[in-house]
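Two complexes, one shared chain (subunit A), two partners (subunit B, subunit C).
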Partner chain A sequence: MIGEPIVFWVLTVVLVGSALAVVLSKNLFHAVLWLALALTGTAGVFLLLEAEFLAAVQLLLYAGGVVTIVVFAIVVTERLVGERITQTNRRITGAALVAFTVLALIVSTVVRQPLASARPAVEGDLTRAIGEGVLTRYVLPFELLALLMVAALLGAIYFARPDE
Partner chain B sequence: MPEWLIPFVASFIVLNVVIGIVTYVTLLERKFAARMQSRVGPYRVGPHGLLQPIADAVKLMMKEDVVPTAADRPVYNLAPVVFLLPCMLIFATIPFAPGLGVADLNIGVLFFLAVSSMEIVGLFMAGWGSNNKYALLSAMRAVNQVISYDLPFIFSALVPVLLAGSLRLSEIAGAQQGLWFVFYPVIGQLAFVAFIVSTVAAENRAPFDILEAESELVAGFRVEYSGMKFALIQLGEYAHILGASFLGALLFLGAWAGPGPDWMGPIWFLVKAMLVFLLVTWVRWSFVRIRVDQILALSWKALLPATLLLLVLTSIVVVWRTNGGA
Partner chain C sequence: MSLQAYLTLAAAVFCIGLFGVMTRRNTIGILLGIELMLNAVNINLVAFARFGGDVTGLIFTVFTICITVSEAALGLAIVILLFRVRRTVTADHLDLLRG
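Here is the complex of A and B:
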């Protein structure tokens, strides 16, 4: 397919650009909107790799859910407290150092593995395969994650309950 | 026609048909509401007011575009587009007849739910960008409501998915050629009621229209918009309702199933979608607005546990039936 590299590069520009904008924009609300774009771009990458299920979940949970909650948190803290929160970071050199170290680690690991030149074909219904995998072979990690989430929920309720 | 051109042409046709239907759906709603209140409704423009939507559209296009001085300009200007985009994208996966649709994804239902939940980003951009306290309050209420009603909406939409055993919209429709899921004993009716309630809430219509409550918030998040931007927001909102109506008709009312030859399929589908739309409108014009806390309590304390139980019940029935039951 000829269109694939073009779409990939467009997505790359959007993704990297919006990710940079998240970090660099001073207005916290704009940063969240850029984050929404970055997460949608990630869904686009998943879609390009024919992982439609992942793409939809990415949109549903991250671009729809997480962004909504972050926005909500900003509004509650900023407008109701009455103080404008700007997003600035003076330790930008340290952050850049850490970021580049992580990048170097990832790149060095990826380079060591020979990358397949073609995508392996996915057989059958991918959604079905994911469902079966999660409920048979990976059932223990899946249940542990569920337990973790219940614990987090209980913790949230504990902190949010009114003082007696 | 070259093969790569087909998706473009298909999306172009669907987009235009949807905008056409949306324009006339507003007239349908106004006429229906008028009848419910013993009025006549739009009558002057064209026979029986049939040209009213076109007159409205022309008027909106010619209106002056006002941008508030204190607005966050890029966000304010982009918001209507960001709002409209997901509302139009949801039509991409809907098959209007066997094999007639833009993209029949194998995760159709999930795509629909995911994209339609993106609507809130545009809504919030509009509320924030206007820099108006009514708009912001409205957007906050919207976020509250959307977080609360997304889950019951998804759970009730998953019941037909379980019954059909597929996430592909065309297969769900195909599974209902014998028995529409709304007639499935007990489960079907309960799921349909839950679906309608959460659709009304997700579309922010009365009795759940706290975010545009005229008496408190003027017009909610779109109060600062005028002209074409206002038109885009209205278009997005009605397109979203229309999309949800089509989804309801597809999940519960058997989509294109109906008497007559095959070419009647899309017509039956449209008729059923309009029935769902009128049901939602009927609810809208029958009940008074309820308070914010009542809306949230209804979702978290009643609808969410109920739909969750229904989902478990459906799974039990499906497993029992596939394992050699009746």
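Here is the complex of A and C:
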């Protein structure tokens, strides 16, 4: 694809910018909205990598589901409207140092590896391949996933039940 | 774009999320940082799957997305429960288990 570098850099700016806004935003509600943008940007990266199904799942589950329940949680737990306490703790310099060190370690490892510089063309339908894989070779993890989701659903309902 | 570019992008998002987890006071803010970190992992999985020409990574991305959503739902349920018990969601004040 010829326009791929342009799209990639635009997505990088959107993703890194919104991720920084998520962690630095003073208002938690704004942080959630920035998270929605970051998750949508990730869906864009999936589209760029020709994984359309995953982009759709990302938008539906993450940008739709997670953002909605986080907004719910903020509305429920925000006690005083307009309360202005500082959102970050005093360890901000140390945390930045640790994050930069981890980033430098990962990047210096990544650039030294002899990794593929171009990806193979898509063979057949990736969505069909995912569906077939989930229902044949990976059917056991798939069923366990269903069990996990039922357990998470029951647990969330149990925790959030009204007081007796 | 090369695989390195995608991996570097994912590493940047991961470290920003790590920074958020370490600095946020609000428990929900910490959860947002964790979401960012898991998101970076998904980018890595999809990039490796596409550059390696194997569909397994894409299937595992479906799994990680579902597990992350369960984690977010349960984590927020715990936050709401904590708020009900302690009337606060600031991580500094949640020291019930401190001896």
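Observations on the model:
Rule of thumb we're sticking to: the second predicted complex is superposed on the first by the 133 of 164 C-alpha atoms of A that agree within 3 Å, B and C clash if a C-alpha of one lies under 4 Å from a C-alpha of the other, contacts with A are read in each partner's own complex, and residues count from 1 in each chain.
As a convention for this text, a contact is a pair of C-beta atoms (placed from the backbone, for glycine too) under 8 Å apart; a residue touches a chain by one contact, two chains touch by 3 or more.
Since the structure is predicted, the reported quantities are computational estimates derived from the model, not experimental observations.
If you put the two complexes together on subunit A, you find that subunit B and subunit C both fit without a clash. When the two complexes are superposed, the chain touching more residues of subunit A, out of subunit B and subunit C, is C. Legend: residue contacts after superposition of the two complexes on their common chain; A:Glu52 is shown touching subunit B, with no touch to subunit C.
Shared-chain residue A:Ala36: touches subunit B; no touch with subunit C. Applying the stated contact rule after C-alpha superposition, one finds that A:Gly64 touches subunit B and leaves subunit C untouched. By the document's definition of touching, of the two partners only subunit C reaches A:Val16; subunit B does not. Of the two partner chains placed by the overlay, subunit B and subunit C both lie in contact with A:Phe72. Of the two partner chains, subunit C is the only one touched by A:Pro5; subunit B is not. Using the contact criterion defined above for the overlaid structures, shared-chain residue A:Pro114 touches neither subunit B nor subunit C, since it reaches no partner. Once both structures are overlaid on their shared chain A, subunit B and subunit C have a minimum Cα-Cα separation of 13 Å. Overlap of the subunit B and subunit C interfaces on subunit A comprises residues 53, 57, 65, 69, 72, 79, 126.
Considering their complex, residues 3, 29-30, 33, 36, 40, 52-53, 56-57, 59-60, 63-65, 67-69, 71-72, 75, 79, 125-127 of subunit A touch subunit B.
Subunit A meets subunit C in the complex at residues 4-5, 8, 12, 15-16, 19-20, 22-23, 28, 31-32, 35, 38-39, 42, 45-46, 49-51, 53-54, 57-58, 61-62, 65-66, 69-70, 72-74, 76-77, 79, 85-89, 91-92, 94-96, 98-100, 102-103, 106-107, 110-111, 113, 115-120, 123, 126, 129-130, 133-134, 138, 141-142, 145, 148-149, 152-153, 155-156, 159-160, 163.
Contact residues of subunit B toward subunit A in the complex are 4, 72, 75, 105-107, 110-111, 113-115, 117-118, 120-121, 124-125, 128, 136, 139-140, 143-144, 146-147, 150, 167.
Across the complex, subunit A is touched by residues 1-9, 11-20, 22-26, 28-29, 31-33, 35-36, 39, 42-43, 46-47, 49-53, 55-56, 58-59, 61-63, 65-74, 76-81, 83-84, 87-90, 92 of subunit C.
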